[in-house]
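Letters A, B, C, D, E and F mark the chains in the order given here, with residues in each chain numbered from 1 onward.
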Amino acid sequence: MIKPILVSGIAGLSLFASPAFAQDTSSAIPGDSVFVFNTLLFLIGGFLVMWMAAGFAMLEAGLVRSKNVSMQCTKNIALFSIAGIMFTLVGYNVLYPGDGNWMIEGWVGNPSVKDIKLLDADGNPTVTAGDGYSSGSDFFFQLMFCAATASIVSGTLAERIKLWPFLIFTAVLTGLIYPIVASWQWGGGVLSAAGFSDFAGSTLVHSVGGWAALAGAILLGARTGKFRDGQVHPMPGSSMPLATLGTFILWLGWFGFNGGSQLALGSVSDADAVSQIFANTNIAASGGALAAMILTQILYGKVDLTMVLNGALAGLVSITAEPLAPTMIESIMIGAVGGVIVVFAVPMLDRMRIDDVVGAIPVHLLAGIWGTIAVAFNTQTEGADGIRSVSEQISIQLYGIGLVGLFTFVASFALWMLLKLLFGIRVSDEDEYIGLDAAEIGIEAYPEFGKGSQSL
Amino acid sequence: MKLIIAIIKPFKLEEIREALIKIGVQGLVVTESKGFGRQSGHTEIYRGAEYEVTFVPKLKLEMVIPDSLVDPVSEAIATTAKTGRIGDGKIFVLPVDSAMRIRTGETGEEAL
Amino acid sequence: MIKPILVSGIAGLSLFASPAFAQDTSSAIPGDSVFVFNTLLFLIGGFLVMWMAAGFAMLEAGLVRSKNVSMQCTKNIALFSIAGIMFTLVGYNVLYPGDGNWMIEGWVGNPSVKDIKLLDADGNPTVTAGDGYSSGSDFFFQLMFCAATASIVSGTLAERIKLWPFLIFTAVLTGLIYPIVASWQWGGGVLSAAGFSDFAGSTLVHSVGGWAALAGAILLGARTGKFRDGQVHPMPGSSMPLATLGTFILWLGWFGFNGGSQLALGSVSDADAVSQIFANTNIAASGGALAAMILTQILYGKVDLTMVLNGALAGLVSITAEPLAPTMIESIMIGAVGGVIVVFAVPMLDRMRIDDVVGAIPVHLLAGIWGTIAVAFNTQTEGADGIRSVSEQISIQLYGIGLVGLFTFVASFALWMLLKLLFGIRVSDEDEYIGLDAAEIGIEAYPEFGKGSQSL
Amino acid sequence: MIKPILVSGIAGLSLFASPAFAQDTSSAIPGDSVFVFNTLLFLIGGFLVMWMAAGFAMLEAGLVRSKNVSMQCTKNIALFSIAGIMFTLVGYNVLYPGDGNWMIEGWVGNPSVKDIKLLDADGNPTVTAGDGYSSGSDFFFQLMFCAATASIVSGTLAERIKLWPFLIFTAVLTGLIYPIVASWQWGGGVLSAAGFSDFAGSTLVHSVGGWAALAGAILLGARTGKFRDGQVHPMPGSSMPLATLGTFILWLGWFGFNGGSQLALGSVSDADAVSQIFANTNIAASGGALAAMILTQILYGKVDLTMVLNGALAGLVSITAEPLAPTMIESIMIGAVGGVIVVFAVPMLDRMRIDDVVGAIPVHLLAGIWGTIAVAFNTQTEGADGIRSVSEQISIQLYGIGLVGLFTFVASFALWMLLKLLFGIRVSDEDEYIGLDAAEIGIEAYPEFGKGSQSL
Amino acid sequence: MKLIIAIIKPFKLEEIREALIKIGVQGLVVTESKGFGRQSGHTEIYRGAEYEVTFVPKLKLEMVIPDSLVDPVSEAIATTAKTGRIGDGKIFVLPVDSAMRIRTGETGEEAL
Amino acid sequence: MKLIIAIIKPFKLEEIREALIKIGVQGLVVTESKGFGRQSGHTEIYRGAEYEVTFVPKLKLEMVIPDSLVDPVSEAIATTAKTGRIGDGKIFVLPVDSAMRIRTGETGEEAL
């Protein structure tokens, strides 16, 4: 997912018709049709990624205990709303500073407020077709990525964080932190210049969410009772079918996430590319789910459904950094490694006493790192001396991962710390016991006293 | 002290609670249960097959009260829980040896 | 959402390529491609709006008590089925009388039964490409709007209305009442002639559903116990995650609802327009959700999730009458007002002793009215003396709102009354106590005796 | 849904622009645009059919008892993953042997492993535009059909089958059995040669799933207690709203299933055809739902929601064999017969002591047979002596149904038998009592002890 | 009159109900509960961490019966509820002072 | 033998179970209930309308124990269940006539 400014990497081909077809005028697609095709890809991709917001909401509602389900629903719909508004007002311009709008060249875009309007008073477009796609559709698509980043955070911190401090964090994350990081690559900033490659955002979206979640989890501490008496005390979630539904929703939305990141559909080669991306994305999820399933069966003697769900998502995150170049079998492998990471990382975090309620850190941060490194085996960007070697590319990928991680973690940690000092970020023990629904929302998720027998 | 166990129709709960408060009952505990009795449930058809719903939703109220309240409480429940239709429920009275309020350690009728 | 017959208003541009591009033959889109693009927009829009049926079902299943959940599911799948059949057999022709098929010119179309078949025996299309889009795709899209209207009614009247009278009402609503009202504007009838503007149906769809629901709610009376002893006794719904899921589904479906109502995608300006509509629709929902969230926090000291969900939907309804013309920031405002309306209107209806189980009247009727009025600030239609002034437009909007409201309310009220006299529309007190699932459906929503322990 | 190899039948028109438009060069769609349109149809169709996996998961989660819900979720996500991998590695090549890759000409394709990669190292497509669509998109679409076949099986056998043997069966079904059967028609094998007609797979997909399920159900036996004391003891499912959600998801996904099976969108006639398919598919579901609703009301005095849901699905299965040719009213009829079949077949299976937990056999097998026969009234393929008569077509349809049934049933039965001998396919009575969640998955679907009050 | 409290394995409910009807029990109330006893639950692994499921699902049956039925009822429950495996449950007998049928106001054994 | 009925705050369950095991309680049964008492619930606002949540979630513990354990058990529960805040719950002691272990047919204190 790159603005045309980035020409290195295979995706750079997308907006420029491949020469093989350009000559063939009779079959060539007229410019305006290209415009509509590309726009349509953004719109379809955008609504599919929007749908991921529902996926996160259901996944998290299923993996927290009943007493915190309303809160989790509230957070998810609120963060999606806030992300939309903050990205519109500030984030979009920070992400795409273009040529002249950097505050710090290559690092920080200018957070000028821009009010987007595509048609002038006469109904004529204010942008020209030459851009290759409607900028409104691109905006819509990018907004959904920003929202996805915020969704990742809410799961990790569930069941103990206060509503409003969380939402303030979300506002800054979606208005500044994510857009700054993403601008380094997709806005033509330092990472893009360095030859970093991250097709749809394993690092730029998923690990940003993961780092923000990690910083919060450390400062917030674990849920009371989770690590009692030197032991891990699991707190099973309220509803496996909701968690499963959420995973399927995310799986579906991911076709938009990765497929739309081709950024173009208006040529044969783009249509081919999007098709390959769909197929690879799907099979990587399959690989992740199956790897987790087989592994939990072997390790624990039973299949752990929540690990399978996490495994599918880890497969998706893993393939996100390069869903186009791998073959199908390579995609299965890349996804499967993601699934394996989850199965080992979940208990590892427990041992580190980091309480990640839904497994967002293994899924989005760790599988995101893996996926970003794996890129190097298939895709090498062009440097001053031509196409880079695999090992050079790996260094650059690690550089990108490190830079993004450092900035996001430090910025998030500082922000969480500030919120902690100003308002406190953790609910009282009492509120944690009775559940956030009763404490902060005032309507329990399943408020009836017994099924079907409530008299009031 | 006596333990009153009352099996009632669920929708009567609120009315009964209010009646009990009026005559001085200070606490009770309600449990959702299913009852089987003369009110014989009903026959349902699910996917073309008949089956009998033998158990009917009921609420079970339990409260420990001083002996002096047994009659008024029974009466209050009987009056408010009554619809006159089959399945209205039962009131049982059981002897209680002792009671304690956990918060204060009070025992006996003080604890109720 | 207007058939080409309506040329006033910005949407009228949609089917006619803007001159700026017409000259540029090399990039121009061939007629058949335009046809396919437009058809595709209807198909995508149509399946997204179809998905809203699931959204209404889940929202309502979550907001009624467990003992009525199966009934609510039954009603939603049944009304969607009935709407499909009635609109096909009767409604479509009433909605689009074209030139010669009015029973009362401009007011009531001829309810002739038409059996739609697009390809002749040789597989050639029975319509010509000149129409600009496949009439089957348009039919499919319009059918979904009709079904949405019916969905709105079922929520308000939940937990006490009899199944079959409700379904008979639905049949008349979708076969006659809605198509008649919609024909006034989209069929080229009186409202369109008057210069009324309602892009995707804040009034024509949402408030029609709202008025029909209001008429029913008045005749039906409140649920037993809701307004006991001069007080309001809330009856919290069974499942907040289902209600949240339903809201997210509706949010997603709304991109089809508003975006598809551009009616065309086969030009640069249409692609731009649809993009802007997607972005505005999304952000209006954000505005509505956030406004409701902040307001309930301030008023009640806690966030009310059900109000946030209603707020998001109210934001969507508000922007529906004109999702194209406003800027992003204006869209936030328009949506936010919708959210505010919900927070104040829900308790207001309670004070009026009107029992609206899911908040459909505030969301669809009141926010629909607001959205329709708000149009005037951005869009003015052309009258005999040129473009109208804002205040003239407001008058026309109010005229349209009033006319639609009057007709729908009176027709619905009369129909409900008739059904009441013929069959009764309300279940017995006993049935209401035990729940409609046991009374009328025979399978409870959650029929197990205790989780996982049922022996039968 | 046919590869171009099949030219008989109306769908054969799809990839070849109808002559009426070919002359009109100014409006003609350039070849590359056709390519993109067709590819887009496959991608949209593919993600909609993928979404059906979630539909099956929710439908089944809602129709099994709580103690088996996690297992059902696990099976559904696992089978979808396995189907993806097996179809990629083996099935795709078996399904489409093309000209030279049959093991047994017309009957069994060569199961060579192929690793699909669409772009070469320079980013150029490895396939040419002349094919009319991206082969990756077609692959993606076909994969989803294969997965749907497997989903059908899991519902019937729920609540008593062991996890791993079921998954091994799934692997063989999706890698070999389904691809072999489908190759007879869509791969240009014996059925296609014989003039069989099955547009989107009433027989090739749905009844294949149904036969495999039936074979399993017979060998597996009924759930303990289901047919106690010579009586049928219903075991109502855990959640009607989840079952309803699943049905709505499937309904939505079916637009992709049937619409995508037109295989082309890049011409006016294809766009018309896809539109008609969408409209017919929708209304057939309406017909099926309403028929089941009215019938259960008449027969049992109450509406049975689960029958209505099954009825809608049966309507969809019925129209799947020919969603293009019928008029709207014919589509309602075809769907309604499907709904009627369900209402009578469900208790019939009970009388035969075949325990089909979710009604997959009536819905997918029996309505699939009906739909395949119904084709003959609207569509006749071309034989040596010209277009066949209706009765000739019926014979061919019955031949196809019989051949597919025989092979699938025998192959499945043999495979189930083998699995039974090797590992056993049924859990112990004890495990069935406590539920498969506790026995094989280790996490119950709703693990909390009481809502909101769990202390751990 | 006595109150019989029986803790049983859930899947035995229907069988027990039928056995009780045969010997003249006219009503009972069932509550879903979780039990802790020798049947020590089991160890599960959830997301890589072991935990003990200490509480096992049980049903609690309560019925008030005339003294004369105490032995046959105990016997009937004991026979039908028995699987011979740990966790089969318990039967407790408690004294009851009085009983009343809400619908009719009947008291004593008439009320059962 | 006595039946101990303890109404407790839900989150105290695990602690109490551990305390009881230490002093020799071999089994108990827990039921989810809702209590009404001095701890008066709270007022919520749902969709703009105030309503009182009168019933508070509680757990009901029931265990039959030998007479000798009544004091230690009461004490153990009272100590661990106590938060000192209103709503901590109650302990009731009721007489029991007899007990039987279904699996073995053992009766009396052997059966506990």
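We take it that a contact is a pair of C-beta atoms (placed from the backbone, for glycine too) under 8 Å apart; a residue touches a chain by one contact, two chains touch by 3 or more.
On a predicted model such as this, the values are computed, not experimentally measured, just so you know.
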| item | value |
| --- | --- |
| Graph separation of chain D and chain E (steps between touching chains) | 1 |
| Chain B on chain E, rotation in degrees - Cα superposition, rounded to nearest 5 | 120 |
| Fraction-based call for chain F against chain E, same above half, different below | different |
| Pair of chains joined by more contacts [C-beta pairs], A-F or A-C | A-C |
| Distance from the mean Cα position of chain E to that of chain C, given in whole angstrom | 53 |
| Chain centre separation (chain A, chain D; CA means) in Å | 32 |
| Residues of chain B engaged with two or more neighbouring chains | 11, 30-32, 34, 44-46, 51, 55, 94-95 |
| In chain C, residues with contacts to at least two other chains | 30, 33, 40, 44, 233-234, 236, 239, 245, 300, 302, 304, 306, 437, 442-446, 449, 452-456 |
| Chain C residues within the chain F interface of the complex | 232-234, 236, 299-302, 304, 306-307, 343, 346-347, 350, 359 |
| Touching residues (chain side chain D, partner chain E) in the complex | 433, 442-443, 449, 456 |
| List of chain F residues in touch with chain C within their complex | 44-51 |
| Residues of chain E touching chain F in the complex | 2, 5-8, 31-38, 54-55, 58, 60, 74, 77-78, 81-95 |
| Chain D to chain C touching residues, read off their complex | 10, 13, 18, 20-21, 24, 26-30, 33, 37, 40, 44, 48, 65-67, 225, 233-241, 243-245, 247-249, 251-252, 255, 259, 265-276, 278-279, 282-283, 285-287, 289-290, 293, 297, 300, 302-306, 308-309, 312, 324-325, 327-330, 332, 435, 437-438, 444-446 |
